[in-house]
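Note that chain A is present in both complexes that follow, paired respectively with chain B and with chain C.
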Partner chain A sequence: MAERAEIVVVGAGPAGIAAACAARECGRSVRVVDENPHAGGQIWRGELPQPWRTRWEQAAVPMQAGATAFGFAGEQTLLVECEGRAMEIAFERLIVATGARERLLPFPGWTLPGVTGAGGLQALMKSGLDLAGRRVVVAGSGPLLAEAGASLLAAGALVAIVAEQASFRQMIPFLGRIAARRGKWTQALRIASALRKTRYRAGAWPLSVERRDGALSVTLRLGPRREVIECDYLACGFGLLGNTELAQLAGCQVVNGCVVVDEHQRTSVLGIYCAGEPVGIAGVESALAQGLTAGYHAAGREDLATACTPGRDRGRRFQRVLAEAFALRPELKELATPDTIICRCEDVRLGELAGFLTWREAKLHTRCGMGACQGRVCGAALEFVAGMPAASVRPPLVPVSVGVLAGEQ
Partner chain B sequence: MPEPVTIILNGERRPVAAGSSVAAALLTMGVAARRSVSGEERSAVCGMGICEECRVMVDGRAGVRGCLVTCRDGMEVRTNG
Partner chain C sequence: MSGGNPDVVIIGAGIVGAAIAERLSAERLKVIVVEADCAGSGATAAGMGHVVVMDDSEAQFALTAYSRRLWQEKEACWPKAAEYRRPGTLWVAADAEEFAAVEHKHAWYGAHGVQSEILTAGDLAREEPQLRPGLAGALRVPEDMVVYPPAAARWLVERARRQGAVYMQGARVEHTTGSVVTLASGTVLHTGGVIHAAGAQGGHLPVTIPVAPRKGHLAITDRAPGFLRHQIVELGYLKSAHGHETESVACNLQPRATGQVLIGSSRQYGVHTAAVELPMLHRMLRRALEYMPGLAGLPVVRTWTGFRAATPDGLPLIGRAPQCEGLWLATGHEGLGITTSLATAELLAAQMLGREAAIPAEPYSPSRFGEKSAHA
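After this line comes the complex of A and B, so read on.
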């Protein structure tokens, strides 16, 4: 099945939606593909806020949901897998808006069922996981933790503690930044009010977790002390990482985990744009501005694109403040023991990786990072824990059947 | 509350909340999605299609990420698929 559109957008989160609306409003033919059942990305999850809901409805951009971009056939054809079938979509311009994932770090017990990402548990809750009366420990790092804690509480979960690894002192510039902006301040107050009866501890992180009598038993480091807390779920994520794989596969330049773009969101590859978190974690407001910029520019309206850049730059400044406020402490590198699984797909333990200097070498000898997730989890973990830079990206980006690769209909 | 839908999980009919993803339904029921290569039970982690821990067989299709699929009435789900 071959389709064609002037502009193809991968990802229907804020950046992708803004890009698609902008390009469509300029009269271009646009297609959007997204892995999820609904538009909105991880932050909106099918419930677009105004004015975007109306704008998205009016733009009426054809969207292929449940569809995963896994590679390219030539320079201007995207390969997409949807319900076990392959699809080709030819494009003149491609806008990569593939969002972010959580950084998951290994510690003893992190592979147990019930140990999830922080945003991960929130995402599962929003897609139907019943948390009423369930005990949850939220841990890790970043502004997402408090937000996840508040939304899990609202879903009826009993949040025992929110443990932020950054120290309070480290977070002060971030808090100052929030206080200076009305929109963010309102949001922060709402979250703080929701969490007023919940323990929120800075300088706290998980050391290990085990399963005991059907429950999880989490050992936390709280400043100088250790504390063991029983729970049903440990929701643990250490900040966000942009999903840069598709852009990398297209040949776009990536530096320090961020796709390199110019002031109009153009990547190093002609005709390919990137918007939102893969360019650098900067939040929804910046993602929307970047999406609009990319969409207008791809549609040939440089004037409109340029008008959107202030919102994008505010977001970029915020990104720097975020990165410093929630920088990961070195103690987190020491949590995994030689027996701790690093690669969850192939069950490769840290001890098996000793002596390898590069990830590629480790992969070839241990299959670390060669499983279903293609190193999306263990790659970032190893980069942080062992200082191993991530290996290159190869097609297909997600597991697809030989039938799909062969173009079987 | 909308009526629950019924999925066929490992051959057994199980009611799940309408609109629930397969991964969320399995976690709610306390059923692991798969066993790892060394035999550990695993279930959904990232909830957004990255980690591949919730992959199951859906209507005969293997390796489907349960977090990206919404439960439908009569859907056949097999763990370890």
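After this line comes the complex of A and C, so read on.
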């Protein structure tokens, strides 16, 4: 199957939706590719808020749902896997809006059943996991942690504690910024009122977890104290990591985990744009502004793209505030013991990685990162824990069958 | 190693450099190994790790058979990480013409003392049920092996160090003569001799050697235990490996110790970028699917490329470099570097120490291309 569109957008989260709407409204042929069955990305999950729901419906952009971009065939053809088949989509311009994933960090017990990502548990809940009456500990970092706590409470879970590793002092500029933005108030109040029913503690993080008599027993550091809490689920997320792999594979410059873009979201590769979290974690509003900028510019409307500048700049400032407010504390690097599994796919423990100087050397000799997740989890963990930057990105970006990779269509 | 200049500096800690370091340090030579990345990280990491006897020329046979024996003699030494196993090779014949080649190969191996057996179409289907129906048969070479080369290289380097060798990791060579090695860091090593064992990377050498990079692609599947039992190579492989076409592919499948299936192979001249090229991958995988259609459903978890060091006649360069006193070559092993590494080390050590080697070294002498070597 070969398709063609003037503008191809990868990812139907806020950035991708905004980009696709903008380009379509300028009369361009647009095609969106997304892994999920519905548009909305991780944050909206198929339930688009207004005004975007209407705008998206009116734009009526053709979307290839359940489709995963795994490589390129030449400079202007995207390779997509969809329902076990390979598909080629030719483009003139490509907008990479691939979103972000949770950062998981290793600590003793983090691979036990019942320990999930914070967003991961929300996703499980939305796909049918009944949490009513179940005890949950939420731990990690970032504004989404509080949101996760609130939505788990709303689903009937007994949230024992929400443990934010950042100190309250560290978060003050972030809180100040939210207080200064009327648009954020309602959201903040909603979360705050929800969290009143639970304990929200700053400067708190998990030290270890074990399974005892069918329940999880989490040891948390709460300031100077330690506390052990029994629960059914431990939901942990230490902020977000932009999904930069597709941009990297296209040859776009990436610095410190962020795709480098100019004021119109253009990457270092001609004809390829990037918008949203891969450019730097800055939240929904920034992603929307960047998506619009990229969509308008790719459609040849530089004037409209430039008009989005204030939103983009606000997003950039918010990105810096976020990064500082939720910077990970160095104590988190010391949680894993030599016995702690680092690479879940290949069962590699931290102790086995001692003595290797580079990620590539460790990978070649321990299989760390050689598994099906292609080092997405352990690569980021090792980069944080051991300061080893992960190695190169190669196709297929996600495991696809030999048949698909052989081009069987 | 105590003070004073080394007897020899080995450039490259791939499987070949590592084997030489192990061998020469065992002879109490003062050895320094300089490696730009880490042990076994170049073509050694990219290769399949198939230890195989080849019969395409007497010289190739002599080297591969001798070296396979050396791998076998070390069987008890290899660490678990080296994944040393003996699944054997199946040379698969697609049609009657190729099956005639199987019979010829069988007779040739027999005359040369290498065990092999002919599998009929029925035997083949029983041995490897995933192969497509209708193949003519195969030759099984039961003593061929499979290893995980980076771990073997690392073990050889470790053993060399225990024997007194100095290993410099992350040390890139800027320039070398037969007696002075200059590193990118500015360090200058004065030495009795220099061994170039850096595969196709010869930019630091004072002379041109007839070695060209020949790019290859590989893909590995997720675990599928029991899917495959032997290393499977199509008989057409020899045409692909030793032909001079710019681009070729052949079906070459290997069961890894993990239960994964490693899929090769491709050959390209004139390409110098390491990027995985999907059109080449397509061709290679389609060739594999022609032989084993059931592979289509297995997930590929990774792909990669590497550069073989290819010579004009398909044989390696082992011995003194022409026109450069003190410089020795151990490169040009093309796709057989893992197999022939141990024999290369023995041959080179014998020449350097003025001893007689187990097999004649002349066919691999770098001077066979004439004093002024230049690569076509």
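We take it that the second predicted complex is superposed on the first by the 409 of 409 C-alpha atoms of A that agree within 3 Å, B and C clash if a C-alpha of one lies under 4 Å from a C-alpha of the other, contacts with A are read in each partner's own complex, and residues count from 1 in each chain.
Operating definition for what follows: a contact is a pair of C-beta atoms (placed from the backbone, for glycine too) under 8 Å apart; a residue touches a chain by one contact, two chains touch by 3 or more.
Not measured: the values here are computed from a predicted model.
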Which superposed partner A:80 touches (first chain B, second chain C, both, neither): neither
Which of chain B and chain C A:144 touches, first, second, both or neither: neither
Which superposed partner A:399 touches (first chain B, second chain C, both, neither): both
Touching partner for A:250 - first (chain B), second (chain C), both, neither: neither
Most chain A residues touched (candidates chain B, chain C): B
First, second, both or neither for A:124, with chain B first and chain C second: first
Chain B versus chain C as contact partner of A:358, first or second or both or neither: second
Touched partner set for A:372, first chain B, second chain C, both or neither: both
Touching partner for A:72 - first (chain B), second (chain C), both, neither: second
Shared contact residues on chain A - chain B and chain C: 371-372, 399, 401
List of chain A residues in touch with chain C within their complex: 71-73, 79, 356-358, 360-361, 364-365, 367, 370-372, 374, 394-396, 399-403, 405-408
Chain C residues touching chain A - in the complex, by the definition given at the top: 37-38, 40-41, 45, 81, 150-151, 154, 169-170, 219, 221-222, 258, 263, 275-276, 278-279, 281-282, 285-286, 288-289, 295-304
Sites on chain B touched by chain A in the complex: 16-17, 19-21, 23-25, 27-28, 32, 36-38, 40-53, 55, 61-63, 67-71
Interfacial residue positions of chain A with respect to chain B in the complex: 35-37, 42, 66, 68, 83-84, 101-102, 104, 111, 113-117, 119-125, 127-130, 243, 341, 344-347, 371-373, 376-377, 399, 401
